[in-house]
């Protein structure tokens, strides 16, 4: 049987995630790995929104914040299991995205960017200001979901970092699978079409507003799950997760790796997650170098890492 | 070699605190190694910049524990980063000395977590004591909405009743705000306010102080230990800062201490060394790092080895250690080891500090 | 009964009456051309009929139903399809995908099926693709299917738009200058294509400045000038109409037409 | 005036011009005809400098142009009315025209603008409106008028008659013909091959990136192959 | 009533700061459709370079001049080294480049200078001026005057000069701009120089009020961006009005409603305005025919 490029991509991703630990010198690398997957999940959602549908959001950290705080708050206030709280957070994010998206997605380009930014600011402001509920800027603790314990009960004993590596990795593969499915589906084509020309998309019967909203909701759910994963594995969460800088970071990862490509964006997440760890040896030059790398990548690989490399390989091949 | 790790916020919103901390730690490590290390062993020091981001702080803490395999961690410039590092240190059973203010860090006591700064609550207590002494019972409050300001506000409100003081106006401002006159106008307009308290750090309190003068509010203004450094006077302007009171440490008034003061030698040595090494004035925050390092070195010396659990026990047994913030005596129920006497009530007069006790 | 009926349609931009009180109708399988000088309001008329602009006055009736305020995608659902004078291509997609998108309304499945790549979703994608390839062959772009659409020449893009519009399997097709940028021979090909479509029962509303083409294939011609309908009728009658000659055709053009014809 | 030798050009890795030779004598009108995708637009883009040339030479009035950036070529007297019109949609009609004469700051600019308005009166009516609101044909007029504002010695026209009403098509050809008396050289790409060849001095036929035929316009118009392939008769 | 006046004065002080930053965005945006996220860094550089030149003993006006020219040079370098080489890249990629540049500039600043908070003296002293029962600092008047001056300058530039029109043309259609003889590279260089200089001027004017340090750029850029969008991106009038409006809104909310949620109130109003006017208050509607 011939494998489709989608299957190959997914298999590749899964294999890399499964094999990588062989090369880990210490269990710290599991932590970095799981962070990459958590970020990768968020940017996969943004690939759908930015890469497919061409709608910019500078407020998606707001959804990550909702997902994260759902895991922190629901167990405390409603006695919900943290894993269920993550689901609740995702549903809530989806609903909020649906409500918020309807009005703001009428805006275009930078106007949409600033409106979504406003949404993100509102969320992080509520999280920081309602200290009585959320613990304020100093954050709050998150209960352990006990999934690791459940695994132990069936004989799989993983360390904390190992477990979260495996678990986030699994969720990422599922997330990537869904996003890749979407690309060549009627919905994915509709999103990419309205990216190209809204008028033409309408003229062929695409409900542009509806599809934008769908992309927004889906990407919000991705961000929310990513926030939940982060909260659960850190066992502690602060409003920074919903902050403007986190939104910018998510968009940067997406564009750096290649907004139109799921694997590219995951690569972008990997780079921007690993880079600060590598740059620590340069001490105070860390920031400077981070900025420099970002600029250089975008200057020489203008469509993002993966699409640019792919294009070069293709060209070289002929 | 003995490997010690640190993660502080050298950059980011708390770099005002983290930068002097990092500089202090690096300076002290170099000095110690130059002097032959601890018990003949050199210190290998790993420091990371978490940018004030708790998520990054946790990653670096994991790295320190798992990859660098340090025996102890200093760090957590802010309460947020501290709370993120803490579970890692506790899980790995590695002593961790935080540089952040909140009382939650050491209350309840956790086996491996310690801290050097006074709690915010202690700063509040110090201020309220002074207010009570001066007969103020009704005050206005204007707090920064960052972690430092919000946490201190919370602590102050929690204990204010004990001093019979009432808050008539409770305003806030964002950490990067450029003008606080509206909030101050509201405080000014409240009848009966006798004094104003401003918990916060960074540029906010300097702007508050300047706006305070601009509006000619005329009531006594209290700042927090968050601005305890000479640069505050410079930024607020000596004129505007005249008469501002705040709880500070001996470090700030090194020049005013009598030689008989128990902290005299420690404070003077650190101040001189730091100012020589960096060319910048010392701040209370560098002092926190100084003390954390001193406690750790002392504990390693006493434990006689580099076994994490032994070091932990030794830290807990710290007794009578003189630091820049005060004299530290820890116990199984007190992982801070400071009392109110460590704070000194300072007043800014003619562009300089004055002890008012 | 007429399939598409325009009644007193009009719109203003600022002070300009871009289109005013235009009425006509289109029967199934009929080709009606709208001609008129530049700026007469032809494209604006198309934009109103297809829901891109909200008309200021008047009604659009499709199949006897008032569809005046419907948005374009709902009109598309009722079988109204169009091309654009100013090309509206999905540049980042391949030529094939551009044509596949045209099948949007005929694709089954929903977002869940798409996310999970359920068989229904895959099957309908495959069907759209097959149909799209046939359409591309029909407009002569079969060999360019896998190219990025942005890399086509102007004339090729015009034909791609037609393929995409046909993919909707429309009942009414609005073509805005389909032959612009095509030479005489290419124009003739498009000419045939349009005639074929009409023969298949698609009603066609055509805007075109190539008078040879218009005269050859139109059943009926509506002439606009300054937003107003100034004439309407059979091609032969229109070609002789002095008002039309004065405003639009010009004396020489008619001579040239006669000379060629 | 304008000599093109061995011109090659590519989009990415696909070469679309495979070595063209074209000669345009001063004061002449030269027409290029060819099917969709033959490379006519690409040729003009190479001449005006917005498309990189991978090989070959362009010599204009005795000077090599290949390394000269596009905006400098305007200073040398080359001006283009491009495919797709490329007007400044956010600026007004008048601003578009004024920018056409970007290189000049003399009184003559005003007169040129009046000439443009005289040629296309509708532009005068719409002078203060955003050019993006113009109808297709009006935009085409604006593009041509803007190209003329640069006072070119050599004008490159990419399908100027596209989207124009028959009455105006005739007028455009008149205008092009009249440029001759002003000593303006014209390279004209047209799908209306009959009209173009009727007013041209010479013609070239282009097929998939190559010149396949050339000669005096009158000869081409009479050529059976051309009549069949491009004139549709 | 005096408190209303005080809120208002506070509002226009802060608003003028936002307006200055927003005005800085205008030129680069108008030339290239790129929102330059390093704009806040220009403001920071203006303040920081002045601080250090001043502390090195230069007179304040000279220090300020050096800061403005120096920042303009940095702006030009940013264009030449990072934006120009990426010509033709999608706008999002260019935005990421400017974000990278802002991190880079911050990184360099913290090494070359330091991470402390700084300030230099106000131009005309600190004696408050009484206005209708409220007070305003003389430096605020400088900032307001600066914002007005820059606004008038930009407005004249874009409406009265051919070069200003060429800037707009470059953003609208770069190829067409070249085809009419506009040296688009030069236009970009000019735009970056002007934007950076305006940013630096803002830094010079506001530092005595807001204080400065290596990392103030982000929050200023954020507010300036919001202000520019509120007013309508690319229009100097929008930047001025948007900035002032945002400042006044924040001050009024802080004064009358809740200082905790004053930023929230500002964004709620921005959202409300954008729903009614998707192009901001003065943004021009794109007319693209189909």
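Chains here go by letter, A, B, C, D and E, matching the order in which they are written, and residues are numbered from 1 within each.
Keep in mind that, in the parts below, contacts are C-beta pairs under 8 Å (C-beta built on N, C-alpha and C of every residue); 3 or more make two chains touch, one makes a residue touch a chain.
The model shown is predicted, which means the values in this text are computed figures rather than measured ones.
Peer 1: Starting at subunit A, how many touch steps does it take at minimum to reach subunit E?
Peer 2: Each step joins two touching chains, and the minimum needed here is 1.
Peer 1: Using C-alpha centres only, name the chain that sits farthest from subunit A.
Peer 2: D
Peer 1: Let me spell it out: compute each chain's centre from its C-alpha atoms, then which one is farthest from subunit E's centre?
Peer 2: C
Peer 1: Counting in whole Å, what is the centre-to-centre distance of subunit A and subunit B, each centre being its mean C-alpha position?
Peer 2: Here subunit A and subunit B have centroids separated by 36 Å.
Peer 1: With chain centres taken as the means of their Cα atoms, state the distance from subunit C to subunit E in Å.
Peer 2: 47
Peer 1: Could you put a whole-Å number on the gap between the CA centroids of subunit B and subunit C?
Peer 2: Computed value for the inter-centroid distance: 73 Å.
Peer 1: Quick check on subunit B: which residues sit in contact with 2+ other chains?
Peer 2: If we look for residues of subunit B contacting two or more partner chains, we find 10-11, 145.
Peer 1: Using the touch definition from the top, which residues of subunit E touch two or more other chains?
Peer 2: As it turns out, subunit E has residues touching two or more other chains at 110, 260, 263, 288-290.
Peer 1: Got the subunit A residues that touch at least 2 other chains?
Peer 2: 129, 199, 284, 286-287
Peer 1: Residues of subunit A touching subunit E in their complex?
Peer 2: Per the touch definition, subunit A meets subunit E at residues 50, 56, 103-104, 106-108, 110-111, 114-115, 117-119, 121-122, 125-126, 129, 199, 244-245, 248, 251-252, 255-256, 259, 284-295, 298-299, 302-304.
Peer 1: Which stretch or stretches of subunit C touch subunit A in the complex?
Peer 2: Residues 50-52, 71-73, 76-77, 81-82, 84, 88-93, 97, 100-102, 104-105, 107, 109, 111, 113-117, 121-122, 124-125, 128, 164-165, 167-168.
Peer 1: Residues of subunit C touching subunit E in their complex?
Peer 2: Those in contact with subunit E are residues 43, 47, 52, 84-86, 88.
Peer 1: Going by the contact rule set out above, which residues of subunit D touch subunit E in the complex?
Peer 2: Checking each residue of subunit D against subunit E gives 48-50, 69-72, 74-75, 79-80, 82, 86-91, 95, 98-100, 102-103, 105, 130, 132-136, 139, 146-147, 149-150.
Peer 1: Help me check something: in the complex, which residues belonging to subunit A touch subunit C?
Peer 2: 178, 181-182, 184-190, 192-193, 195-197, 199-208, 214, 218, 260
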